[in-house]
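Notes to accompany the following structure.
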Amino acid sequence: MKKILVTEDLVLYYRTSRGPVRAVDHVNLWVEDGSSLAVVGESGCGKSSMAYAILRILPRNVHSYSGKIIFDGVNLMDLTDEEMRSKIRWRKISMVFQGAMNTLNPVIKVGDQIIEPLLIHAGYKKEEALREAREAVKNVGLPEYVLDRYPHELSGGMKQRAVIAMALLMKPRLVILDEPTSALDVLTQANIMNLLKDLKERERLSYIFITHDLALASELADYVAVMYAGKIAEIGSAETIYKNPRHPYTQKLIGSVPTLRSEKVLEFIPGAPPDLVNPPEGCRFHLRCPFAKDICKRREPPLIKVDNDHVACWLYGGE
Amino acid sequence: MGTPPPTGIKQILKEALKTKTGMAAVIILGMMILMSASIPFYSPVNFVKRWNDLKSWYEYPSLAAPVWVKWFTGTNLPETIDLTSKHFRVTEEEISGHYITTYTAYFRYTYDDYPSELKALIKTDIKGKPVRLNIIFIRPDGEEINLFNGLVSSGQTTFDISLDPKLQKNIARFVYEKTGTVPEVIRPEIILFSKSPSKYGNEAASSNVLRGRYIVKFQVLSDKKISAEPRFIVYGKVYGFAGTDLYRRDLWLGILWGAPVALAFGTVAAIATALLQVIIGAAGAWFGPKWDELVQRIADFFLIIPVLPILILISVIYKVTIWSLLGWVIVFSVVGVSSKIARSITFQIREEQYIEAAKTYGASKTRMLFYYVIPRIMPFTFALVALNVPTYIFLEASLSFLGLGDPELPTWGRILGDAYSAGALYQGYWWWVILPAFMIMLVSLGFTLLSYAFDKIVNPRLREE
Amino acid sequence: MATFIAKRALILTLTLMFSVYMTVVIANFGGYVDKLLRDQITFDVTTALSRDPNFAKLSQEERQKLIEQRIEAKIRAAGLDKPFLERSLIQFTQALTLNLGRAAFLRSSSGSKAIADIIMERLPRTVLLFTLGTIMAAGIGIFLGLVQARKALSKFDRIMIVLEIFTYVQPAWFYGILFILIFAFYLRIFPSGGMVSIPAPTEPVAYFLDVLYHLALPLITWIFASFGYWAYTTRNIVLQTMEEDFVTAARAKGLPERIILWRYVLRPSSPPIITGVAFAIVFSWTGAIITETVFNWPGIGLLFWEAIAALDAPVIIGLTVILAYLIVLTVLALDIIYGILDPRLRVMR
């Protein structure tokens, strides 16, 4: 199967008063066309930063930004900012943000915001755009009147659906979803997940689904990439990751997920998430890893292919 | 990402000192405080009284520029030469029952410009009838002018040579003898000190200044032995660090005294109003929606009241002192920006866990407010408090400028107001305006920098980087 | 929306009424105005009678009685004999309905003693100077604030912040006296005060230019003293908005910078900036007093000062009431604008 997105050595560091924060530290991942990749990890491990890196939404205090982002055969890094803006963003790759509470402009009607990309990127007239928008919101299960409302007049779930509708409006190839349901209650969450699954089938979308919630990710993921301290620890098919995790960190993560009504002993990972300004030497995880060897302290492991899985761990050879 | 903001007043102050702006602020304000503290060593004890007692300044020149002006203009501007009784030598003669007591003093005049004013004084303790006095002025070129010839009685008599036309007859004659015309305007301080008095009597070319040794004689003719204290003052054009005002007051002392008043007023007002605002704003948010509404209404109300006009009104009708003014200012500032800040932070805190916990062990709501909530709010108001100090200083200065403030204290605003009323702006008495203004600006700058330093610390937005 | 406006209007009206009543009370409480008016009446009566040739013909006692009678009558006519509460309420209702009465001492340039005339003659001049000044300061300041937001935390930004706060903390009259000294006295570029030269040019264009010439320095002073507030608050509000998620989302949508700036940064920022306008306008009305005095600008600020100097209480009360009205109306208008700009408010309030 073709890969719609491949990143090679993607780097995004931020400048702060304490030194550069290595949020995305030489990340290699890929997304198969028509599939969804879940990117999981603890808070602050660099997941959201990676999404921004792909779309080149950079804050003022960028320290380093480099690597390759090959999307549909084109290296996005080679494009100018203007090309990125007018050709890629929203048309090819769109994004659903964390906490839709604040992703919508509070002083503009929802409908006007949804049709914006159509008016700007595709030169639609307002009438046609609104027609499309009505279709789009129906597709996500929202009533038409939503278009006439202001964001604060909608519930959390409605807003999130509206944001999803907005992300799909231009029929992008890839949709990045950054914790799309973290601020919602469980019921609404389930609804949204079903919607996403449904849309993926119908529209043949590719997703990058970023979350800290492993259980949630399992609903939607075809593939899973586990991030730790700005680096990919393991990346493979969902089957593999959930049934047979190889990286010690992944194993711990899977072990920490509570299963309903079972006698499972919940594991936890001792220690604290690493500081992204001064990450540990060698393998980032070695301080908290029960299997840490000598080499783990000295050298960073590369991604090693093991069957259908890729693991960044010295346990699996590659010395 | 990033370290959490420091809490606690001491920590914040320490952090503030680390920044460049904080350091600068502390230096400036430190100087001010030092200035204020040095006052007791410096100035006369009853200074405030003295400031308002215009008669006590008679020995200072009027509208004199600061001394250091000399170094900038290059001309050696005259300073005051005060010949007190100890400068005079006494000789006594007795001629057939009459006593002639002569007091002689001399001075060297080497300046490049004329004096601003001349005055002669004599203090006698004669009992009985008045005695005859002769004041003689002898120039280096030998010319002798009789400044006064008449009777004086017991006590202190002042001769305003520069201002009193009666004393200028002889001077007019002197000019007439020299130039052949009687001048329309007689400026004794110029004529007596010029090489060749012009027929206008008021020429001021510095090249024309007669330098040399001048002699002043007071001759007293009396029946009995008398003792007298003569005095002759040749007023200069420069004085002190900051010059003098129209009323001859030493502006440096006035400015110096303005510092503690300004600092005290500003700081007390700023801190008191901040405290009140925080308490009220937090209490409103803390005790429930009804109280909150009430506080909001009061806030709206206070926003609309035109504070300055009402303060002016009060000052005019009821006459304020600096303390009552402080009281009124605080009353009008009971609700404000800080109460809004307090309110929003209180709302956040309400949700927090440990407050729930405290409630369970029975702490009263009020106690919780004062022990937990308000201390957490205070650091966020520091930047505002620092900025409010100069604001209140200016409020007081505004009223004093109009002549409505405390009638006794020499505040900076009052000095500026005096300057303005005396037309300093239109006559170029710049030191009367610029120096007090400079002091106020310095204090403002100090607090602005302090506020900026505080803001950087407490406000996360500006912290990263 | 309607309920919102109605509620605000009600609250503001109550506030207005309270301010006015308080002004009346303050102006009268010390018995000050009373005494003034009584003295005035006594003086009027005595002088009037002493001019009457028949008066001298009466005996001492009769004269005394007549004087007292007349004074009593006048006092009753002026309502000064009523108790304080009643009188204050009468004055209050009069003031509230803008029935401002007549001045005790001052006059308008046309000679009228009606306070309304005096005030109306001067009000436009204050509006000219301070409204123009505030608008220009706002324009310059907001623009500067935007530039600073773009270059946030640069050296330029940091220096400007200190400069802005510093200039703002100091009142306009303070700069006024300094600028007069520098520009009027030393450099002689601008006149030192007044609105027109003496004698004023009669030809309209020349007159207009003359006013402009006199307007320049006070205007510059006012702008210098107020731009800092606009710049600093704009900078902060815009910066805060720029960090909002919906701005990042707008970037992700590939919207051009121009649209992001207008729709996603400025539009949401404008409500809090508008509150700033309210504050600034309120402030400018009261700041006008001393600034006008320093520049001798014949507006209501200077009128206030003259009324104080002349101890003309009715004028002072009238002015404070007008001021209160102006402030209330401005705040109400701005509240409405705020409601229009920020849709969140219409539902919540």
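Note that the chains are named A, B and C in the order they appear, and that numbering of residues resets to 1 at the start of each chain.
By definition in this document, a contact is a pair of C-beta atoms (placed from the backbone, for glycine too) under 8 Å apart; a residue touches a chain by one contact, two chains touch by 3 or more.
Nothing here was measured: the structure is a model prediction, and the numbers come from that model.
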{"item": "Of A-C and B-C, whichever chain pair has more C-beta contact pairs", "value": "B-C"}
{"item": "Chain of greatest Cα-centre distance to chain B", "value": "A"}
{"item": "Most centrally placed chain, judged by C-alpha centres", "value": "C"}
{"item": "Mean-CA-position distance for chain B and chain A (Å)", "value": "67"}
{"item": "Mean-CA-position distance for chain C and chain A (Å)", "value": "57"}
{"item": "Centre-to-centre distance between chain C and chain B (centres being mean Cα positions), rounded to whole Å", "value": "30"}
{"item": "Where chain B touches two or more other chains, by residue", "value": "465"}
{"item": "Junction residues of chain A, two or more chains touched", "value": "none"}
{"item": "Contacts with 2+ other chains: residues of chain C", "value": "153"}
{"item": "List of chain C residues in touch with chain A within their complex", "value": "152-153, 244-246, 248-256, 259, 263-264, 267-268, 271, 341-344, 347"}
{"item": "Contacting residues of chain C [partner chain B, same complex]", "value": "11-12, 15-16, 18-19, 22-23, 26-27, 30, 32, 153, 161-162, 165-166, 169-171, 173-174, 177-178, 180-181, 184-186, 192, 236, 239-240, 243, 278-279, 282, 285-287, 289-290, 293-294, 304-305, 308, 311, 316, 319-320, 323-324, 327-328, 331"}
{"item": "Residue ranges of chain A touching chain C (in the complex, touch as defined)", "value": "52, 55, 57, 60, 84-86, 88-91, 94-95, 97-99, 102-108, 116-117, 120-121, 150, 152-153, 166"}
{"item": "Residues of chain B that touch chain C when the two form their complex", "value": "21, 297, 300-301, 303-310, 312-314, 316-318, 387, 390-391, 394, 397-398, 401-402, 404, 416, 419-420, 424-428, 430, 433-434, 437, 440-441, 444-445, 447-449, 451-452, 461-462, 465"}
